[in-house]
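Okay, so chain A shows up in both of these, paired with chain B first and chain C after.
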Partner chain A sequence: MRLWGVEIGKIIETAGAWLLGALWLLPVVFALWSSFHPAEYSTRFELFAPLTTENFVRAWSYAPFPRYLFNTFILVTLILAAQFVLCTLAAYGFARFDFFGKDFVFALVLLQLMIMPEVLLVENYRTIGELGLLDTIPAIGLPYMASAFGIFLLRQSFKTIPKELIEAAQVEGVSALGILWKVYIPLSKSTYIAYGLVSVSYHWNNFLWPLVVTSSVNSRPLTVGLAIFGAPESGVDWSIITAATVMTMAPLLVAFILFQRQFVQSFMHSGIK
Partner chain B sequence: MSIISLKNIYKSWGDTEVLKNINFECEDGELLVLLGPSGCGKSTTLRLIAGLEIPTSGIVEIGGKDVSDLPPVKRHISMVFQNYALFPHLNVAENIIFGLKARKIPKKEQKKRLENAADLLGLTDFLDRKPSQLSGGQRQRVALGRSIVAQVSVCLMDEPLSNLDAKLRQEMRQEIRSLQQRLKMTMVYVTHDQVEAMTIADRIILINGGVIEQHGTPEELYNYPATAFTGSFIGNPPMNILTPDTQLLQACPSILLPSVDFTAPYLLGIRPEDIEISSDSGMECLVELTEYLGADTLIVCKVEKHSITLTVKGRVAVSAGDQLRINWKVEKIHLFDAANGQRIEHLKGATP
Partner chain C sequence: MKSTFQLRYWNHINGWLLVLPAVFMIGLFTHYPIGANIFHSLFSMGTVTRPEVFTGLENYRYLMDDDIFWKVLKNNLVYSMCTVPASISIALGMALLINRNIKGRSLVRMSFFTPTVLPMIAVANIWLFFYTPEYGLFDQVFAFFGGDSHNWLGNPNSALYCLIVMVIWKEAGFFMVFYLAALQQLSPELKEAGLVEGSGGWYYFRRVTFPLLMPTTLFVMVNAVINSFKLVDHLIIMTKGGPDNASSLLLYYIYENAFSFWDTSYAATLTVVLVFILAIITIIQFTVVEKRIHYR
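Now for the complex of A and B:
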């Protein structure tokens, strides 16, 4: 069916895309609007309302945001580094070598993908407690370091590397670890970037587990700090809360804008959309 | 001195036996071609020499040493793969010296060998490019370069030209041959293309169904095919293989046939280029189709239900439906045992 010379299906599709896009964008736009204007304009739209950065200054000084930002930064770096090492080695094992019980072990890894981390909240808390790591940054990261998703994604990526390249390296005398380092890893660069972005954004935004396991400024990440900052008992000042939110998400947003091309490409390549 | 030698090699994948009792030797500085139809086991044989596969039983020797249990790197070989196996993230220079780096050869020596190889292959202007920016022929040269800088005496090639177009294939073929002779490399070369094999080889090993059909020089394979399969595989167009039945024996003057008792089962082989058109003698046949190829013409004719192909120089005024008399010299007939396909000498004093 056609309307004004354009297919109706196409119109609905486009409208739907815009609608979803707008719904997603609305809170972000509100946060930006409210954070850059004085409190009296926070819920009122006026095109020429005066701009201000005072909200940011106040938010920055009201709560230890620099410390939270530092904690989050350490946290995501730690998790990402550990994930890269562990997932690479595990994926290499699954992709290249045959060993007894390989399929069974891989099925176990996939099984882990289907378990919501929140289900294990209590059990994880007990384990971390027994390790004596409560209220530390490694405690937040530890449950996520052996990521089933990472193992799966890298294994798929490794499997697409032509066998001839591996054999060529073998003939030239490169060791098993050398082949991983010189052939598999460089050829899976885009997968690493994509996985890195997913991991960083997930752990940057992760809230429930850090809330449970942390109890002091020294280990609290941004999300938890922000929640405490915005809790009703500390009084609701939307301008400051949105300013703090913008500060929280800004580094991630910038990274995404910079890397979006690789990000999309990699997911196209690995066939997961 | 034989530098590569395979002794009683068997290889099975599960229940299927892909190589049965392979025995051959390759001399120093020789270009040995492993030829055969696809799936015959020729690539597997090469991979066994390389150490990328392990034989089910049997011994592989390189340079007089048993290497059956050694990994590829300890066998002192280089290998060129069908799809070139160039690393897409490295440029031409890095690709060529990849193996030298892995073997921790001094930087200075690496540079020298790289320059040498690049010069030899005409790659000097492309050293900074990535493989994706090269043409097929250039990629092939890079793969060759990797093999040259290794400076090992044995080079293994797995269908190196199969991804190139016909013209480039011919050029590269000549280039590989002259390179091999200049550098005095021992080369084992796998191909399914008999023209490639005939033009490039010192000696050819023809493999079919996992067994060696014949091992010899191109001339030997062409002139004295050991089996009916060799006869039909070598040569273009292929040899006519006829099963003599009463109809054919009646139609064919006895002077054209070897003097054997045809009550036993035989196969007659005759090359298209050994058949001539005759005006007064020979066998009557009916032209079925003709193909003009420029330098010569290919004629397919029928005698009863037998189809015979012949080639004649230049253009001939023959067209489908014409009657024709064809003739050949009886010594051009290759006689094979129909039961096992083995060659039978039917002329006194002829030796392969």
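Now for the complex of A and C:
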């Protein structure tokens, strides 16, 4: 059956997709609405309600959000840098060298895919305490720096690099680390971008472990700061809490909207074995 | 000229040197704590005046009699059994819709995927307001149809399900991405062959597309189950496990024991149970799942 030259099935399909899409976006739209309007409009949806940035100004002044933002930024950068170094070296070892106990060690590494550090927070808290690192930014990052997921992804990518290229480099007398630096890493750029995006989103949003190991403004990331700020006992106005919520998610959300395709491709890439 | 023996010898050393830093760190924050958890679960809780004492399986005996533990475990099973199938089927539906050539496709894809990039804490804040009695979005919709106000999160019968609905919304778009990737790899010739034989859309999906997506479904399922045991951020904002532990999950109960009640040895005991559950999931994945799927 056709209507105005378009198949009816197609119309239903499109309408369904749009409806579901709208429903999925609703919570975000709602958060934006109530953060940009005075408190009395946070549940009254009038098209011409006055816009305001007052909520953001007040949230900004009630809690040290600039500091939280800075902490999160440092945290995410630190983790990513450490992950790139540790995972690259390990992935290179697993992909190109035959050494004693390799398969067994690799299986041990993969265990981390199933049992993530946050599950073991009781003992990891104890370890961080014994290292004297409680309430520091490195403490939040340490358990995640050697990432089985990163090693796995990079190893997969390294394994696809043709042997001829490596042999050509060897003939020219390039050292093992030189080959890694000049051949493997440049040819795996897309994997690094994919892994980087996944890692940054994960650690920007991570909450339980940072909550446990931090206890002061000096190390708290945005998510923990937001949770303390938004706790019901803090007595802060709803609109201001939403403004703080929007501030917490804005950087990633904006990055996502700008690089939508890259984000989706990266998450896709990371799921394919 | 180096001998082959020397070369192989260097292979061993270089290989080990390369993997050692990462392996050491993973050992320190994954394998060591697993062992330490088992060890500490065999001791009583030490206090300032009384050192910890070896008590054998005493903590496990306590656990067997702990009604809250059983309640939390049951909650977690209900939570997994609702969120996993629901978010996976919605994810598949989304991927199938987007894979068709519809108008505004990239916009729709973006909106499905948006919850994935949001912090769970921010999401919980927003949904907390949806569930607010009288003023929240849900009660306003109900009031519009002449319904009463509900204390969604304050009612032990609905609190857990409120969390479930939210988590399905949060995770479906993430799982959709894996289905999209898989659908793009299905060959278009297959579709043509199916249509030439005159099979209808549903028949084609049931007999061709769905079976071909099986590896993806299993991969997503394992991830979804693991997530349902390791992600409890929203509880801290929305319900604190309440009312009366009606919405508490295993990891949240561990967190409470360790950092609110400071009973670290019981928290260690509970962690052993959680690791055991995750280990079973892992074993299922490696024996059943990996054997059924053949990767290229």
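Methods note: the second predicted complex is superposed on the first by the 231 of 273 C-alpha atoms of A that agree within 3 Å, B and C clash if a C-alpha of one lies under 4 Å from a C-alpha of the other, contacts with A are read in each partner's own complex, and residues count from 1 in each chain.
Methods note: a contact is a pair of C-beta atoms (placed from the backbone, for glycine too) under 8 Å apart; a residue touches a chain by one contact, two chains touch by 3 or more.
Because the structure is a prediction, the values reported are computed rather than measured.
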By the touch definition at the top of the document, which applies to A:W60: first (chain B), second (chain C), both, or neither?
neither
Between chain B (first) and chain C (second), which, if any, makes contact with A:G21: first, second, both or neither?
second
Once chain A of both complexes is superposed, is A:T245 in touch with chain B (first), chain C (second), both, or neither?
second
On the A-aligned overlay, A:Q170 touches which partner chain: chain B = first, chain C = second, or both, or neither?
first
Who contacts more of chain A, chain B or chain C?
C
Examine A:L187 and indicate which partner it touches, taking first as chain B and second as chain C; both and neither are also allowed.
first
Along chain C, where are the residues that touch chain A in the complex?
8, 11-19, 21-34, 36-37, 40, 94, 97-98, 100, 102-123, 125-127, 129-130, 135-137, 140, 169, 173-174, 177-178, 180-181, 219, 226, 229-230, 232-233, 236-237, 251, 254-255, 258-259, 264, 267-268, 271, 274-275, 278-279, 281-282, 285, 295
For chain B, which residues count as touching chain A in their complex?
50, 52, 71-73, 77-79, 81-85, 87-89, 98-99, 102-103, 146, 150
Given the complex with chain C, which residues does chain A contribute to the contact?
10, 13-14, 16-18, 20-22, 24-25, 27-28, 30-31, 34, 43, 86-87, 89-90, 92-94, 97-100, 102, 105, 108-109, 111-112, 114-127, 142-143, 145-146, 148, 151, 176, 201, 204-205, 207-208, 211-212, 222-223, 226-227, 230-231, 238, 241-242, 245-246, 248-249, 252-253, 256-257, 260-261, 263-264, 267-269, 271-273
Interface with chain B, chain A side, in the complex: residues 162, 164-165, 167-174, 178, 182-183, 186-187, 189
